[in-house]
Amino acid sequence: MNPTMIPIPSAWILYLSAVLFVIGAIGVLLRRNGISIFLALELMLNSANLAFASFAFRFAGASATAAHALNGQIFIFFIIAVAAAEAAVGLALFIAMYRRKETIDVDRFNILRW
Amino acid sequence: MHIEHLLTFVTLGPAAGALILAFIPGRLEKVQRWAALLISLAEFALSCLLWANFNPDIAGFQLQTAKVPWIPQLGISYHLGIDGISLLLVMLTTLLMPVVIIASWRSISEHVKAFHISLLMLTTAMLGAFVSLDVFLFYVFWELMLIPMYFIIGVWGGPRRIYAAVKFFIYTMVGSVLMLVGILYLAYSNHLQTHVWSFAYSDLLKAGRQLQMGHSFFTSPQMLVFAAFALAFAIKVPMFPFHTWLPDAHTEAPTGGSIILAGVLLKLGTYGFLRYNRPMFPDAWHAFVPLILVLAVIGILYGAWVALVQPDMKKLVAYSSVSHLGFVMLGLAAGTIASTEGAVLQMVNHGLSTGALFLLVGVIYERRHTRMIADYGGIARVVPVYTGLFLLVTLSSIGLPGLNGFVGEFLILAGTWRRYPVAVIFAALGLIFGAIYMLWMVQRVFWNPFTHEENKSLKDINLREVLAVAPLVIFIVWIGVHPTTFLSPMEAAVRSLLMH
Amino acid sequence: MLGSLWIIPLLPLIGFGLNLFLGWRKARKSLVTIAGVGSVGLATIAAYWAIIGYLEQPARVIVERYFTWISAGKITVDAAFQIDPLTVVMMAFVTFVGFLIHVYSIGYMHGESDTAYARFFAYMNLFMFSMLVLVLGSSLPLMFVGWEGVGLCSYLLIGFYFEDTYCAMSGKKAFIANRIGDVGFVLGIFATFAVFGSADFTRFLPIAAAHPQQYAGWATAIGLLLFVGATGKSAQIPLYVWLPDAMAGPTPVSALIHAATMVTAGVYMVVRCNVIYRIGPAALLVVAIVGGLTAIYAASIAVAQNDIKKVLAYSTISQLGYMFLGAGVGAFAAAIFHVVTHAFFKALLFLGAGSVIHACSGNQDMRTMGGLRKVMPTTYWTFLAATLAISGIFPFAGFFSKDEILGRTFAAGASNLHGFGWLYYILWFLGITAAFITAFYMFRLVYMTFHGEFRGTEEEKHHLHESPWTMTLPLQVLGVLSIIGGFIGIPKLMTGHASWNLIEHFLDPVVIPLGTGHAAEIAAGVSEHSAGAGIEWLLLLVSLSIAVAGILVARSFYAGEHAFEKPARFVERYPLLYKLILNKYYIDEVYDKVVIQPLYRFARFCWKAIDTIIIDGVIVNGTAFMTELTGDILRFLQTGNVRNYALSVAMGVLLLIVILW
Amino acid sequence: MPTQADLFAVAPELILIAGAGVLLLIDAFAPKLRQISSELTLLTAAGAAWALLALPHPGAAWSGMMRSDTLSVLVSLCLLVAVFLCSWMAGPYLRRANKETGEFYALLIFATTGAMFMASSIDLLPLFLGLELLSVALYVLNAFFKDVDVSLEAGLKYFIVGAFAAAFTAYGIALLYGATGTTNIEVMGRTLGGGAAVSPVLIAGFAMVAGGMAFKLALFPFHAWAPDVYQGSPTPVTAFLSVVPKAAALIVLLRFAIAFDLLHMGHSWVWAAGIVAVGSQTLGNIVAIVQRDIKRMLAYSGIAHMGYAMVGVIVAGTAGSSAVLVYIAAYTVMNIGAFAVISLMSENEAEPHLITDLAGQGWSRPLAALALSISMFSLAGVPPFAGFAAKFFIFRSAVNQGLIWLAVLGVINSLISAFYYLRVVYILYMKPLPRRVPDFLRSRAIGAVAGVSAALVVLIGLYPTWVFSAARTAAKLLVR
């Protein structure tokens, strides 16, 4: 049958988002460089977006649930905005860090412990 | 003043007094002392009014205050009232307060204001715990006691005061927190039965009685709740083996603190047993009586034995308290009218004689700054009057007939004999050991050759101190010669309390 | 005075208060004397007034209730005094002898400082008060008030010279030994309350008497418990140990408290509760056995003592043994009779000894005395009279009472009382032997003290003198009494008229007849039963000759130019026996090793091990420590590395998901 | 179609934002006016409070995305009190470090606004926005002293962990949305009530959102950030941080608990939440015992306290929610009181705030010390202070639901907590002043803050009835 006729199953998108989320999470846990951690965070947020998209896509598919689609799609925009805000603050923090310690290796910031 | 407000005045009076003191500048120490003294005397006067208006024929609570809603959604209200039992203990408390203040006149030299404020707050807490007819209210007062006592021990105490203060606080709290859960459970089960929220003593009394007696301890609500209450009270009493906070607290606390601690605080434990555990959980009570008996007897003997070898006078008296309160618990456990009345009387007796003992030890401590028995000897020569008083108090505490101690112990043991003669036989040995450790201390402090030169300059007890100890001595003799004055008011109350 | 008996004990109590005050103000001795002796004098007058009033009216028992002392539940004790023949007898000699000894003390204690003098009389007055309460009290608890009161006074008076460790220690020892007995006593009281519902003599005794069968068992228990108290107060085996040490007190004290009055309280109590003992024969038997053993045991110790007061102390114990023996065989009147005569001659002996010690400037060792009869004739003659009395020489007081007791004991054997005839024969034999020993050691004392040459230092010899009249007067009065005192109890045997035995006749109502049908009937019967006139005469002669024999032996040992030779040889032959007796069979040491030391060791164990280490160390502070330790370990989860924190968040979410699944 | 009612519903928030805007403008263009920015903030908060109390409350607003009723009023009031007190004490504190700028206050206000949004939204959209507004503002506030290492580190840590948690929240929301087709909590609840199968997706989503909230509450095991951030941040910020986000997050959890009727959804929830609650209590208390820095200690104590509050959340229902609300009120005042005194009794923000530095202050700074001790006793749950009342209601609700084991473990924990609270008190009163008397901050303003909060603590303790009855009405609305 002609693949152009078969829509991508929304589940696939969901799985992708999940994978991305996990990658992001692992990134946060493993990377020491502030910037890369930061990128990983972005990845996680956007995987959430993807998840929203996939669900919205699914809901839009069926007429019964078509009304729900909008909620998710709106949400995506807000998350993007929020991500931007976090980005601003985060970068500012990293700059401040660098100014004081000449490094953005987060493991070097452990005066506070125990 | 309307009669129904009397109890409120008595109970909250000291707190109000504390508030007044707070506004007197701290550097006017004399004013502080006098103000505190006057307040406490007024208190005593008020409680005498209580006595005057008390009707001994009524078994239940009387002179009740109006029920003022406090947390109406839960049926918690401010409600006070007394019966013959609490009346006596209230009198004891208000009697001891002036004594304490006079006794602390010299010995408390710094933070005078704070001391008296804590003292008065403590009084309110203790009185409140005795007279509240709402269990929540009771619990609030009960816990409130900890804070001022914590300061009294910790700020004005001896070298190891902080350890003692914290130990006192935590130890006591161990019991009371579980009691809180017990109270909540009672209120809840009361709600299940009546569909009304209430913390009133009378309601929880019914609720407690209807609690299930399961087969084993852990499946029996009544036993569990009983235990929750009992632990709190047993620690306060203190019953063996929950007593180890007492020696430290007693020894480290300033004279005044020790007097209150021994005089009133411990009574709250025994009072709790009598007021809550016994009538609220009759079945569980009967299940636990053997245990209480055993612990009481152990307490009597154990306390006496340990007192026997104490080098420190205050510690000795502290352990003697363990022994004496063992007698009280024995009387309560036996639960005959005679033994119970004896127990209540013995609470008062112990308050008087042990209070007096601590006071007198404090007197000599102020002069020589040592409580070690070994640092004295033969001082009867230099301080005859002091010796006389000390001897009298000692005799009252070892239960010489004609003094208060005997009446209490006699009633307790005579009453207990009907049900548990064996326990009485063991407990009676405590009378022997009591005589041994007390007289041995007396011998080493007052008799024997005059060893320490520095004791030559000891001043005999002065007028202020005599005034402090006089009220105690008066009642020691009064109770000894004519105990009926104090037995008759509680007769009805005890009777009805034991009926259930 | 009858109708307000309370005045009698009140007077000495007032004296006590006055003397305390005077002592505090450091008042002159004369004032103290007035207060101290005066109060007792008045009390004596009041007492006799009351006695006369009592004799004039028909009732045998009068109880005066003043107020309810203790009342709670089923326990009710009235503050009430009771007067009956027994009370009369006791009160009569207690007040009188007491007064005499007070008078004597004026001279004896004159050397003391003003305050000490006042203190002494204060204590003595307090003692008179307590003793009178003991005698007058109409119920066991009230008797117990006096009972412990006299104990307290004896504690204070033994420890009168409190700066001497030995005195203080002896006082404490006396109090504690008494306390041990008293515990038995109170337990007896509790049992009485539980069984009879009341401890008033006029209530529970008749009940018991009415139903002997029913109460037999309990009566035995109560009797034994009460008797434990008696062994403490009246220094019987095993609690006698305090009495010898009690001699540490001033001599008048020894005379009044530890010879004449207090120590006889036990006998008084047994007689007072005779009903209980009669329906509980086992208890009665125990009383008799303990009495008999104590009599011989103490006498044997007295033989070897060199301290004049120690000898008298042990003789007191032995005499008390006689009294209990008497009570034990149901001869209650005889027991009281001996109490009275003993009060006379033993008080006299002590006072005499006191005057001797006074003369020898405080020295009490007989080995350094001797030949005193020249310097102090009054003391000597009165002392001799008393000695004859205690040795049981006809017609001195002691003869009648002691012989009565021995006779009854033999009779008990003859009548095979409770089927223990043989036992009573043994007891009689012990008694008669003790009589021999008594005569021996008493005359040993007399010879060593008054005869021969003075063996002390020169300046002591120089200091020797007869005592002032305040001291000799009481001696003379008591001397007369110890001579004629016996005539109040002349046995039927001699006169043929039972009524001539005044005291027994008088005390009759005290011995309440029992309800019907009880083995104890025989016990009651004993008081009438007699072993037959012939045997009685025989016994009489036996005991008399025994006494004489004792005297002769003593003479051959300690008098004449060969004095002290035989004893020395005796000691050489039986060194161990001598050491044993000299050291009182090492009983004190045994008690110390077996009871006291272990107790203290155990107490220290409780304190150090159980309290400090186990409860406080391990459980209380251990918990706190463990909590803190856990905290100290857990805090290191806080690595300070932000990525770990993130990890914990992730883990947390996973945890939630897993659990919620 | 938005109505005026919708405007009323968010009027307080609007006022706050306006105030913040003004502050920022002043900062940028009228530096001279800076010194009044603290007062301005107080004014703004007061204004918002006025709006909150004076304007009508339409209930559901913004087409059911938010709710403005007694509940939101109560919570918002707590939040406003918090921001009021915090900015009041911030003034002198910042002035000493001469760091006082309008932006600080503006950020405080923004954070509060975010929290208020969280508290009053039913839809996850505004909720998420509020959450982020709150968080982002806080990231900056923690690191506000950017030349102080600890402050900076605090900011960094809070940021990384916070963003991480936020991502989880976001993804969780997505999953919830996926499972139910809506982002409105109540609607979700209804669909569940309608018997929609509980899908793994839903559970995962809920777990992630709950985790996000638990992070804000610093519940075990999401607590790790708290001690460091508390210790590092400027004290006023710590005070703010210790109450505002927690209040908001608790409400969110309550909404979920009630909408989903978690208590009856099976034991798994009780177990999960129970472990979290008791775990937080135990870990918080036990580790707090060994802390030397008082701010760090209070962080652990905060962990424990949220553990108690969690018990109320588990119970939910009227009893549980009302208890939680009372707890929020009580916790707010006693914590801020404590931190006020701490900010008073510190020499400079860079140094750790050792408990032992307080030695002898009881007698040299009696009032401040009294306030601190009151907070401590209250935190320990000793009557007659607010903390006791709060715990009382919590445990009562637990007992009523037959969750007695939760109550028992709770009281045992509050017993353990007495250890370290008492230590503060005895160091205040029973230890002598050190030879070198520390020169602590002296400020009427902070003193006033401490005084006010202490007074409130006593008031709520002695007469919890007002708060409690308000809480009950609110709770009823919540449950309906």
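A few points about this structure:
Should a chain be cited, it is by its letter among A, B, C and D, assigned in written order, with residues numbered from 1 in that chain.
Keep in mind that, in the parts below, contacts are C-beta pairs under 8 Å (C-beta built on N, C-alpha and C of every residue); 3 or more make two chains touch, one makes a residue touch a chain.
Since the model is a prediction, treat every value here as computed from it, not as a measurement.
Annotation: A-D is the more contact-rich of the chain pairs A-D and B-D, by number of C-beta pairs in contact. Nearest to the global CA centroid, when each chain is reduced to the mean of its CA atoms, is chain B.
Once the centre of each chain is set as its mean CA position, chain A and chain B turn out to be 67 Å apart.
Chain centres here are Cα averages; for chain A and chain D they lie 27 Å apart. Distance from the chain B centre to the chain D centre is 42 Å, each centre being the mean of its Cα atoms. In whole angstrom, the spacing between the mean C-alpha positions of chain A and chain C is 101. Each of the following residues of chain C touches two or more other chains: 624, 635, 638, 640, 642-643, 646, 650. Shared interface positions of chain B, i.e. residues touching 2 or more other chains, are given as 170. Residues of chain D in contact with two or more other chains: 156-157, 160, 164, 168, 227-228, 419. Pairs of chains meeting the touch criterion: A-C, A-D, B-C, B-D, C-D.
Of all the residues in chain B, the ones that touch chain D in their complex are 70-74, 111, 139-140, 143-144, 146-147, 150-151, 154-155, 161-162, 165-166, 169-170, 173-174, 177-178, 180-181, 184-185, 187-188, 191. The part of chain D that touches chain B in the complex is made up of residues 363, 377, 382-384, 388, 392, 395-396, 399-400, 404, 407-408, 411-412, 414-415, 418-419, 422-423, 425-426, 429-430, 463-465, 468-469, 472.
Those residues of chain C that touch chain A in the shared complex are 635-636, 638-643, 646-647, 650.
Residue ranges of chain A in contact with chain C, taken from their complex: 25, 28-30, 32, 37, 106-107, 109-114. Against chain C, the residues of chain B that register as touching in their complex are 167, 170-171, 241, 244-245, 247, 302, 305-306, 308-310, 336-339, 341-342, 378, 380-381, 384-385, 388, 395, 400-402, 406-407, 410-411, 413-415, 417-418, 421, 424-425, 428-429, 431-432, 435-436, 439-440, 443, 446-450, 481-484, 487-488, 491.
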